[in-house]
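Two complexes, one shared chain (chain A), two partners (chain B, chain C).
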Partner chain A sequence: MSTTTPTTPAGPKFYEQTWDLSYKHALGETTSRFLGALTEGKILGRRCPVCERVIVPARSFCDRDHCATTDWVEVGTTGVIEMFTVVYEPFKNLPAPPYALAYATLEGADTALVGYVRGLDLSDQKTAVAALAVGTPVVVKFSDSPTGTAADYWFEPAAGAN
Partner chain B sequence: MSVPNVGVLGVGQTPYVNRRTDVTFPELVREGAQLALADAGVTIDDVDAVVFPLAPDALTGTGNGERWCIEALGAAGKPFMRVNNGGATGMSAIIAAWTHVASGEFDVVLVAGAERVSESGSAQSVLNKMWDVGYERPIPLNTITMLALSAVRYMHLHGSDETDMARVTVKNRRHAALNPLAHLRDEVTIEDVLASRTLAWPIKLGDACPSSTGAAGAVLVSERYARANGLDPAWIRGVGQNTETFWMGDRVGPKALQDHGDADALATAFKRAYGQAGLTDPTTQIDVAEIYAPFSSVELHVIEAAGLCGLGESPTRLAKGEFALGAPGPVVNPSGGVLCSNPIAVTGVARLAEATLQVQGRAGAHQVPGARTAVASAIGGDHQFYSTLVLSSDLEDIA
Partner chain C sequence: MPPGTDPPAPRPRVAVLAIRREATAREEDRSLEEMIFEVAHDTLADAGLSQATVGGVVLSGNDQSDGRVISCMTSAGPAGGVDSDVTMIASSGEHALAYGWLRLRSGQGDTVLVIGWGKPSEGVNPDYAELVSAEPYVLRAVGMNDTIAAALQASRWTDPATAGDTATVSWPLTADDLPRRGDVVVAAVLAVEGTFSPGRELAWVRGAGWSTENYELGARDVGAQTALDQALAHLARGADSAPAPSTWDSVEIAAPSEPAAARAAGKLGLPTHATVNGSGSLHERLAPAHIAGLDRLLAAAGSVGPGTGTAAGVGFNGFAGQGATVMVFGAPGTKEGVA
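Moving on to the complex of A and B:
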């Protein structure tokens, strides 16, 4: 046996791989009913019998009291922006920018719902950010061709906002 | 109830860089282990158990990467545990090791790991998968947008602006320039940060951490072991953890208990660690804070959660030059922090490592003169998993 020094050229090699994974997640009765109601232009929440919060989007149990929620509550389709962002950076496998996202508390709800904000020009950052300020009134819009997902609704600034 | 003392006998970190093509993932993990063992002055044979921090599998593209790394960690034949708590993974691993030692079961526990998230261009797509499949997944949330939402909320609550965020970056980059291991070491100005491109408003490139590759490790020992061997480790004096609910939308609105703009649940975790450490006034008793803040906006509310100033006060305090190297009072992220180096799986280990170096006077050019007490923290999930540690150079009462 003898010691040898490798004569092949040094330099990094790479192994490239793409993970192509597929899943079909069961969404359960509560989420399914919420998504179904979107096709009727309704946003549904569930009321906690202990803290009496109307939790939106509808959840089958209250995280605070750890008990089952008891009542379905249809909340309003108007609300106010609690927080927002406007995305200008492309992220792999996520939608092409720009797009605006916000959490809005709807009339009669005690928690905020996340959604896209559409119906405003995002090309000028300063104008877009001003139009989405915390407290801005929004209305919920529903898709004419629902897909049965949370993409079936979005927010738009209420008429006369700003 | 008195909690047993646990010592930090050694820490190690590689430089944090974009990419390492000279080693595989386990080989990089081994570097973290070797650096920590060498610093501790022990060998793998002295180690009773190993804890391995590893963040979500898809970030590094390894399915259960702990399997791949057992040899690199010298863990064969020893008790072993993988810990994953998102961004808090590294510190959760340290706390798991602390628990191993504090239980009396083990005297010497190794924590070591590595990160090479930069091998994937899909990190934010992977991170999008942490949201609820029915309600939130169709919306392109990710860790940048979730913290942009928090930053907007903070600005709304406290009247701060993008310049206040930029000041955090300017400070941390100045610190990182003194830290040879840091990833982003070029100093920047407020104007540079404000002029950088917007990722998710108000977060710009200059407000964001890099995707770092690197390794880090630590060796934790029992007081019994330290005394029997005449060792002088740094000491973990307090440990705090707390958990926030999943739904960001529950952190706003008329009945919210905590606000997504503040870090209230983290404040509780800090208080738990301070209580255990007997630390009563963080503003005067803490010399160094190595806190987890991957975006400039996060540092603003973590400084407040750590009790280093009042709620909403950090922007004005930073504007006065406080929390920076050379200023009186606690110095925040003298290493440059997570904003300048974010090797996700071991970012929390790096916070402990930096805090240890500081209280032992071994931090080199970014040493806070005379530092004896440090606090370190980490955050995982959508601001959900909080870990805090108080470190000191000895076991004297903290005063």
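Moving on to the complex of A and C:
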């Protein structure tokens, strides 16, 4: 067998494609009710009968104890920030930067809920992150035109915070 | 042991015979399959093996970033797995190495090729592809990727009052704090003691442990890195009497961010002479997230020798290090792998 270089010119270097795949994920009864409650301005959790934690967002099972959760609990719309960030890099399909994102534990809940933090001036980094420090109180705000998704709520600094 | 039962069969010791790594920011002249073929072929050859003689092949790729589903099917051939025994470990590359080791320990063959890859340059927007890692019920409507999760975790350790205003990607992180992707293939051949000439080994596998925490960032203390504690406990429970972190000479850590790597190194209780990430910072050493742990485990295996009797690799996988894996390697040429 001989090794030769073909006399034909090199062909294309890439094969570029875009796929448009669609999904329709079944939410299950528990998440459905959680999302439905958002449209009424309520945050719902579920209590684990073993560890007694109120899990928010509501889940039908506690993965720590591997048992079904039992009771619905409406938690408060005030809470404290557990972790946060201000995003400066643009990411496709996420908001135009800068924007603030946090996890906050709401009153009566034992796990933290994710949400954007609005109502803050993000133009100065030091000032912005000081206003978001872990432990800062926040309130949940709800959209006037809810869609039944987690985009229906966000956090704002509680009046008097900082 | 109940009377009348046979004693358990001794578990074979397993060595690392060969390690290969190919990493570049963008590989545009070779296909992913060509890269896999070359690294697999050369790693097998380094170990004195071929597709015809290797006992099994374990793969680790990430379909979401590579754009091939199920990529173990298209990659079985280039990895040397045709007419052989191929398994793909999708959870994370470091689990592929642990699984390859377990295969040999359990008596399933004498040799195994473990190979992991990522070619994110082929995904026109790998950050966008990463958004599907968010569960599709609540989190996806908000959005989450590895970078933002790493920043949320780092906020648990960073005081805004003293942090300055230097964050450029996602507070408190800059690009230098974050892992850098690249087009990377890493591979190793593991072999059972007695099936190769003594002294040919690069390292002995001394033990491994791994664990996974809750997926949801809000349902765990992401600052605590509990999965690492659990992985270390798993390591200590193993049948191998693996050397404890207090005796490690070096450790290679793949973490979501530099603060997370520093935090993990701190909780290990290493001896003062131990080196951490001697193979490069997270930003320097290119690795797509799902094989960053495998890459660091193999960097640790490759680092043992004179002056480094014991080295360990630590890999995290999932948002903000949901899972952690630890694997410990001993220097070649010694009976128990201890220099």
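The rule is short, and it goes like this: the second predicted complex is superposed on the first by the 152 of 162 C-alpha atoms of A that agree within 3 Å, B and C clash if a C-alpha of one lies under 4 Å from a C-alpha of the other, contacts with A are read in each partner's own complex, and residues count from 1 in each chain.
We take it that a residue touches a chain if its C-beta (ideal position, glycine included) is under 8 Å from a C-beta of that chain, and two chains touch if they have at least 3 such contacts.
Keep in mind the model is a prediction, meaning the values are calculated, not measured.
A.B. asks: Using the superposition on chain A, decide if chain B and chain C clash or fit.
C.D. replies: With chain A as the common anchor, chain B and chain C collide in the superposed model.
A.B. asks: So, does A:T70 touch the first partner chain B, the second partner chain C, both, or neither?
C.D. replies: Touch partners of A:T70: none, neither chain B nor chain C.
A.B. asks: On the A-aligned overlay, A:A130 touches which partner chain: chain B = first, chain C = second, or both, or neither?
C.D. replies: Second partner only, chain C.
A.B. asks: With the two complexes superposed on chain A, say which partner A:V114 touches: chain B (first), chain C (second), both, or neither.
C.D. replies: After superposing on A, A:V114 lies in contact with both chain B and chain C.
A.B. asks: With the two structures laid over each other on chain A, which partner does A:S60 touch: chain B (first), chain C (second), both, or neither?
C.D. replies: neither
A.B. asks: Does chain B (first) or chain C (second) touch A:P12, or do both, or does neither?
C.D. replies: First partner only, chain B.
A.B. asks: Indicate the residue numbers of chain A shared between its chain B interface and its chain C interface, in ascending order.
C.D. replies: Residues 14, 19, 25, 27-28, 31, 34-35, 55-57, 63-64, 82-89, 91-94, 101, 103, 105, 111-116, 125, 129, 133-134, 149-151 of chain A touch both chain B and chain C.
A.B. asks: Going by the contact rule at the top, pick out the chain A residues touching chain C in the complex.
C.D. replies: 13-14, 16, 19, 23, 25, 27-28, 31, 34-35, 55-57, 63-64, 82-89, 91-94, 101-103, 105, 111-116, 124-126, 129-130, 132-134, 149-151
A.B. asks: For a test of understanding, state which residues of chain B touch chain A in their complex under the given definition.
C.D. replies: Chain B reaches chain A through residues 21-22, 58, 61, 121-122, 124-125, 128, 133-142, 144-145, 148-150, 152-153, 156, 197-203, 245-250, 252-257, 260-261.
A.B. asks: Touching residues of chain A toward chain B in the complex: what are they?
C.D. replies: Touch list, chain A to chain B: 12, 14, 17, 19, 25, 27-28, 31-32, 34-35, 51, 53, 55-57, 63-64, 82-89, 91-95, 99, 101, 103, 105, 109-116, 125, 128-129, 133-134, 149-151.
A.B. asks: How about chain C: which of its residues touch chain A in the complex?
C.D. replies: 28-29, 67, 124-125, 127-128, 131, 136-139, 141-145, 147-148, 151-153, 155-156, 159-161, 163-165, 167-172, 214-219, 222-223
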